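First up is the structure itself, then whatever we jot down about it.
Each chain gets a letter, A, B, C, D and E, in the order it is written, and its residues are counted from 1.
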Amino acid sequence: MTTTVDPRPVLEVEGLSLSVPGHDGPVPLLADVGLVVRPGETVGLVGESGSGKSLTIRTALGLTPRRARTAGRVTVDGLDVLSAGRGELRELRRHTAAMVFQDPRASVNGSRTIGAHLVEGLRAGGVDRRQARARAVELLERVGIREPARAMRRHPGEFSGGMLQRVVIAGALSTNPRLLLADEPTTALDVTTQAEVVSLLTSMQAEAGMGMVFVTHDLTLAAAVCDRVVVMYAGRVVEVAAGDELFRSPAHPYTAALLDAHPGLHGPRAALRAVPGRPLALAETPSGCSFRDRCTEADDACAEEVPALRRHGGSDAACLRPGREAWA
Amino acid sequence: MTLTVPALRARRVRRNRRGPVAVVGAAVFLAVVVVAAVAAPLLAPYSPDATSLLDSLLPPGSPGHLLGTDSTGRDVLSRLLYGARLSLLAPLGVVLASTVLGVAVGLVAARGPRWADLLLSRTMDIAFAFPSLLLAMLAVAVFGAGLAAPMVALSIAYTPFVGRVVRSLAVQEGSRAYVESYAVMGFSTTWVTLRHLLPNLAPALAAQAALAFGYALIDLATLSFLGLGVRPPESDWGSMIAQAQPAILQGLPASAIVPGVTVLLTVIAVNLLGEHLGSSVGRTDRERA
Amino acid sequence: GGAGSAFDAKITTDVPAPTTDVAEVTWNLATGEPPTLDPAQSALENISTVVGNVCEGLFTYDADYGLQPALAESVDHPDDLTYVFTLRQGVTFWDGAPVTAEDVVYSIDRVLDPANASPWAAWAINLQSVAVTSPDTVTVTLNRPDPLVEGVFALPAFVVVEKAYAEQAGAAFGTAGGGLMCTGPYELDSWTQGQDIVLTRNPDWWNTDVTPRVDKATFTFVTDPSAQIASLRSGETDGQWIIPTSAYDQLSESGDLLFGESLQTSFISVTDLTGPLGDPEAREALREAVDYQGISQSVYRGTAQPLKALVPPSAYGYSTDTYEAAYDALPEPAQDLDRVAEITADDEAATQPVTLAYLAASDEDTRSATAIADAANQGGMDVQLKPLSPPEFGAFFTSPDSRQGVDALLSTGYLDTPEPLTYYQFFATGSFYNFGGWSNADYDALIAQAQTTTDDDERADLVTRAQAIILDAGVVMPVVQPDTSVYHGSDLTGLVPRQSYFYTPWLTQLGGV
Amino acid sequence: MSGTETGPVLQVTGLRKTYGSAVAIDGVDFTLERGGSLGIVGESGSGKTTTARILVGLERATAGQVLLDGEDVTTPSRRDRRRRARSIQMIFQDPYLSFDPRLTVEESIAEPLRLHGHGDRARIRATVATLCDQVGLSTRNAAALPRDLSGGQRQRAAIARALGIEPRVLVLDEAVAALDVSIQAQVLTLLDRIRRDTGVSYVFVSHDLAVVRYATDTVLVMRHGAVVEEGGTEQVLSAPRHPYTQLLLASVPAPGWDPAAVAAANRALAPADRG
Amino acid sequence: MTVRAGTTRWVLGRLAGASGTVVVASVVVYAALQLVPGDPLATLTGGKRLTESQLDVLRQTYGLDKGFVAGYLDWAGHVARFDLGTSSVYQDSVNSLLASRLPVSLALIGYAAVVTVVLGLGVAVVSAVAGRRTATLATVLTSGAAATPPFVAVIVLLAVFSVGLGWFPVTGAGSGFLDRVWHLTLPAVAMAIAAFGVLARVGQAAFADQLRREHVEVARSRGVGRAAVLRRHVVRNSLGPVVTVVGLLLASLFVGTAVVETAFGINGIGAFLVSSVSRQDFPVVQAVSLLAVVVFVVISTAVDLLLPVLDPQLRPAVTR
């Protein structure tokens, strides 16, 4: 961690649980999720599909599923989101926090122009029309769109995915938010484009001193980009560690297994170690540690209760048997 | 009515909001109607043609005539029961014919050679330009009033609706990897189309057919209402309404309203079932996506 | 009886005369927009209803069907075969041109000209020539004596139109575009296709004895009974001839609904004597199956009377005693299902399939036919119904092919004049309307003799004898005589409902209370 | 396996495919040795899928030649369909979509066996059981409908179905891209084992260099429909010669990764792609 | 430039396709006459005895003594010059017969269209944003409406509002603007009920579909107000299906006038068609059929051309 630590986090998630009504009783989706993001800091949120990454960060904007029940505390720049009223939430979305979604093509209304998309956010934030247009052109220029004035009049269909994601980022940053939530912003893009988008995001973040949550299922990417990485499995946080630390010595067996399962590009070509079974949703998990069914280290003790996050080496891990030496 | 396409479009994205109660109710109602049609001779208290001029236009609930009598003193209940036969059979015939034709056309267009697609799609575009009721009336102008000509005309008029839906579903389904994987495994297009693709379209087709049944029922009843459809001695619900129309003005609308409400309920029930079928198609779609 | 049964209707023979002028009336034509107003084509009720007010012939009928001179001032009848008509002086067409003998001859020739294909041409088959004999006389010469010939010139087809105008209009004469040129009390002001026909009063009408009180009449074309009721009740339209039975209750509450004796007959005619109905017993069975009471009470709601003979008593325009005596002697019509069953039990032919056709557009005919077929079938017959659409009905009269497979026809017809012979002559051998090809030498002889008999009593005797023969044969089966009806708002008066509204200037009778 | 001929199992020369005026691939050549595994990598739209589809006869090449066991199968014909099917099979990206949703996994696996004459009912049932066993599907899995299986299980079923035909070449188009990392590893190890056990050859299409490194012996790097570099996988990945290959490699995140530098390199390579 | 050229070509292609449809449809309409059992000439005279010169005109107009193709070309030539023949019932030019009936039908269709669109979209919007209960109620209402055959609507409206309450005049078309509106209200409502149901349901579905889309979520995540989201992202993006359905409904209203005009005694095209069909007035039936086809083609072509203007996502590939 190289940035100065601000005493007040822009995002603080504490003991967040979330459930939705199902056919027979409520279906739990998140349990006891915790997360802290300080200004200027990038926090990675990693996990396989369905682990609850998107749900967690959407909660920060008050975008919970319909009829969802929540417990715990989510604070964004001092505002308690879960108990905030409609007006407060709108203010939060307009000024304090912004989000970038996975698929830029779905994020931008295909019927309207790029300009309309950008101006809309600014206008919602209270900027007058002329200023908003000027600001939008400026932003497009900053995210590297050529001929920004002309681009304003073009439609999303005329842009490539990478270019469109730049537009989306420009839109998200237009109101100078204190917190940026990026939900797999590069998954839908080519590898080469991914680098561009990531570098754009990080440079803009550094410039503005925002806090950023970077969601991805790619551990290596998270480790490379983030100051701190939070690993989720089945709706729970299983490990929190600094990026390089996590990569070097994963504390939770699940993190280790993920690293083992991913073929590497560098170093010797090691045999893959596959994780048996499949990723589970919170509602399907066994008692105790969610991962114990698939874990090679697990024993009867793991079934007793859900392990709390505990310090292990450079990480916090929710495991009774952490610290197996991982992939070198 | 020429509204099958939007109705189907609506189906694809509609959530199934109505509970199973409505669907079960619809199914029960239709079952009752079908049983009534089949068992009309057993159930009907009178012959549907038995007139009694001096007992005409009795209100529902009159002794011996549960639903009253019509303007020639025939028992409305008995006529309703017997009328159910043609009222259901004729649209059924239209739906069967147009479904068979439409499926053939749609599948050939979707899966056959390009020229066939161009030809069939263009033909369907042109056929669309004739609203079904207009085509039926044209047939009546040519061949005279009666059921046969309008039935043929409606079968033709509905074919492009089915054909277009089948074509687009088949194209969509055909782009699914499983269809291509059968081709890679060496199966012929015809085999894959008939053995795998068609059965997978069946629920959507059934939904479409249910909607078409409702439209055919309405179209045929409309013709009868206008005096261009069923002719005595045959009768259906539409012709019952047509014959009862003058009595509305005598302040005795029962013999018109009874078959009118029956038509309405039948159409609603059929639509409900069709939508239910359609929404279950939608569900598997969502699961796949 | 059911809720749809009899309506308390009285025959009106006398109404108060109008006392005030009316600027405008709107009148509905129940059978819809006339296809044309060309008098030569006026075989339809809706044409005549309008044309009767705008065009006049040499003669017209008074309220009691008495022949009255119109454009002819007098007629001279020097011998059995010659009629000399002297034209009324000073009569002008609407455009101011005087009516000349040439116009009269032209108008008659128009009807006779095969190129114009007038359905009325047959009425004048006894005419040998029509000629101008002086500036104000027209002479008609016959092939053979014809007691009915003066009546011909009171028929709606033989009205006088302006030759110059008609020739110029050509085929368009009488259409919305072509217009008309006549002499009547009303002028054709405008005809908006699909919307209305407007007549305005002719200020220069020759007949100063009668003062029309209505300045302007607008004819609408609503055919649907419900729509008719609504518009009549709301006062949107002021009146209408021929009121649908279903409208009686509502209209009698909101205005004047009057019934009058008509010259109409609803009857079954056997159209195929080679089929099962060739058997007299089978014909009798069908006749016994008719529910006369039910039809008059329920179908016509009491506004029709069971009928014993084809020509109803109201059409006995002369020698009433002779005709009525003959009528009274006929058996009372009544349904007798036992008799039907008896016949079908013995007689194979009476159980053969019989097809009964009727005009589907008529609610009354439809219901009558339905009831007749059902009753006959209950008695063991096998009667199938065949509804005829308007074109099929039209074709039925013109093309033998379209009568194929039909054994009998239920229809409602009317006599144009109170002369029973005009109806009975249709059933002589070879006559146009004798579709069944029925042939009876005695009957033919009686009719032929009557046609040349100018003495009324003698003719009546001949006709009643012919009537007995045809009724006995059962090839025509009278069913009921429906009343004619008119409705108008209670602010209007002057119309006595009768058959003659078809072809007389009835608008001149109408006025405010 | 039944292949007795010697020499490369698949030989592709001068392959070209155009859609109207758009060129999807142009001048693709390669050979695949018996029992070998050839990777095709490249960015989106570079023509990987098009190449794969031409190989299995789903697409007709505009020009060029495909030799399968020395036999020209470039133009798919109705008659050869079955013969070609016996030599070459394909696994699609989305394992869910590659099954008829109405049929159980067993039935789906049995169907091609019947078409290709693998004996009577009993023998086919036995073969299906063996195949399921081979890819690690339990009997319960085999009796299930595709929608009741997980992504990894479905992909196994797809592999079993393709193997039933005993092809000499298996074309895998992004066969593991839709899977979670933990599952992806399961399928990759399975594929590895099958290749060793049966001697089948792979054409392995992927955009993931690390996966290609693990699953293939030789690799083809495609860009804009053309092959920009080819060679032994280890060699190409450790010492890339073409700037595009270098860029691809640099784009893959790793500890100490500098996205800004990669972005700059990308811009330098394709300045025209912007805006 | 290429975009322009491609667009022009696409538009011209659409127009050519539309004309083609009309031509083929006219062949069908012409062929219908030949299909009537019996002599076409007899059909055209409607059993009337006409003069030889009138018959000649008929033979010429319909090319009766030539082959099918030459005959069609003769007839099509007349039709192209707006000579639609002579009614066999009225012996008047079909042109003028139609011309006098068209205005009232158009007024009726226009009125019904306004009712359909205003009510349909209104209910759709309300049920898209309203709570579950209101939405369910709206769905029940619109399902019922969509299934209501026009003749049932007519019966009920007549029984309740005319015979019962007497609120509305139930016949004729009235004259002058207000009077006409008053006269046409019930007929327009009868025509609009089913169309309203269908439109509301399609609108509802389209709105619900858009509401689930990510761009709506994005807009909400940026703090854009509810009304603005609804207007700019939901309604705007649903214009495609909505306009398509409105087009289809409009086209179907034309034939829908048949029932309503007949029952309400309005002398419009629809009632004219019905009476002409039952009287076998072939020239009129042919003309109205052609007119209906042309109306359909014009509307659907207009919708096709309009859609890309409304929604760039629906632009044909060439313009990208």
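Heads up, the rule we're going with is that a residue touches a chain if its C-beta (ideal position, glycine included) is under 8 Å from a C-beta of that chain, and two chains touch if they have at least 3 such contacts.
Given the structure is predicted, the values throughout are model-derived calculations rather than measurements.
J.: Taking contact as defined at the start, I'd like the list of chains shared as neighbours by chain A and chain C.
T.: Both chain A and chain C are touched by E, going by the contact rule given at the top.
J.: Applying the touch definition from the top, give me the chains sitting in contact with each of chain A and chain E.
T.: Expected: no chain.
J.: Per the definition at the top, count C-beta pairs in contact and tell me whether C-E or B-E has more.
T.: Here the pair linked by more C-beta pairs in contact is B-E.
J.: Round to the nearest whole Å and give the separation of the Cα centres of chain D and chain E.
T.: It comes to 53 Å between the two C-alpha centres.
J.: Nearest whole angstrom, what separates the Cα centre of chain B from the Cα centre of chain E?
T.: Using C-alpha averages as centres, the distance is 21 Å.
J.: Let me have the rounded angstrom distance from the C-alpha centre of chain A over to the C-alpha centre of chain D, please.
T.: 32
J.: Go ahead and note the Å separation of the Cα centroids belonging to chain B and chain C.
T.: Computed value for the inter-centroid distance: 45 Å.
J.: Of all residues in chain E, which are in touch with two or more distinct other chains?
T.: 158, 163, 262, 278, 280
J.: Hey, what residues on chain C touch two or more of the other chains?
T.: Only 226, 229, 250, 361, 389 qualify.
J.: In chain A, which residues are in touch with two or more of the other chains?
T.: none
J.: Go through the chains and record each pair that touches.
T.: The list of touching pairs comes to A-D, A-E, B-C, B-D, B-E, C-E.
J.: Considering the complex alone, what residue numbers of chain D touch chain A?
T.: Contact set of chain D toward chain A: 43-44, 150-152, 180-186, 188-189, 207, 209-211, 213-214, 234, 237, 247-257, 259-260, 262-263, 266-267, 273-275.
J.: State the interface residues of chain B toward chain E in the complex, per the touch definition above.
T.: 1-3, 5-7, 9-11, 13-15, 17-18, 122, 125-126, 128-131, 133-134, 137-138, 140-145, 214, 218, 221-222, 225-228, 238, 241, 245, 248-249, 251, 253, 256-257, 260-261, 263-264, 267-268, 271-272
J.: Which residues of chain A touch chain E in the complex?
T.: Per the touch definition, chain A meets chain E at residues 61, 63, 89-95, 98-99, 101, 103, 106-112, 116, 120-121, 124-125, 155, 157-158, 168, 171-172, 175.
J.: Which residues of chain E touch chain A in their complex?
T.: 213-215, 217-225, 228, 232-233, 236-237, 239, 310-313, 315, 320
J.: Can you list the chain B residues touching chain D in their complex?
T.: On the chain B side, the touching residues are 176-178, 180-188, 196, 199-200, 284, 287-288.
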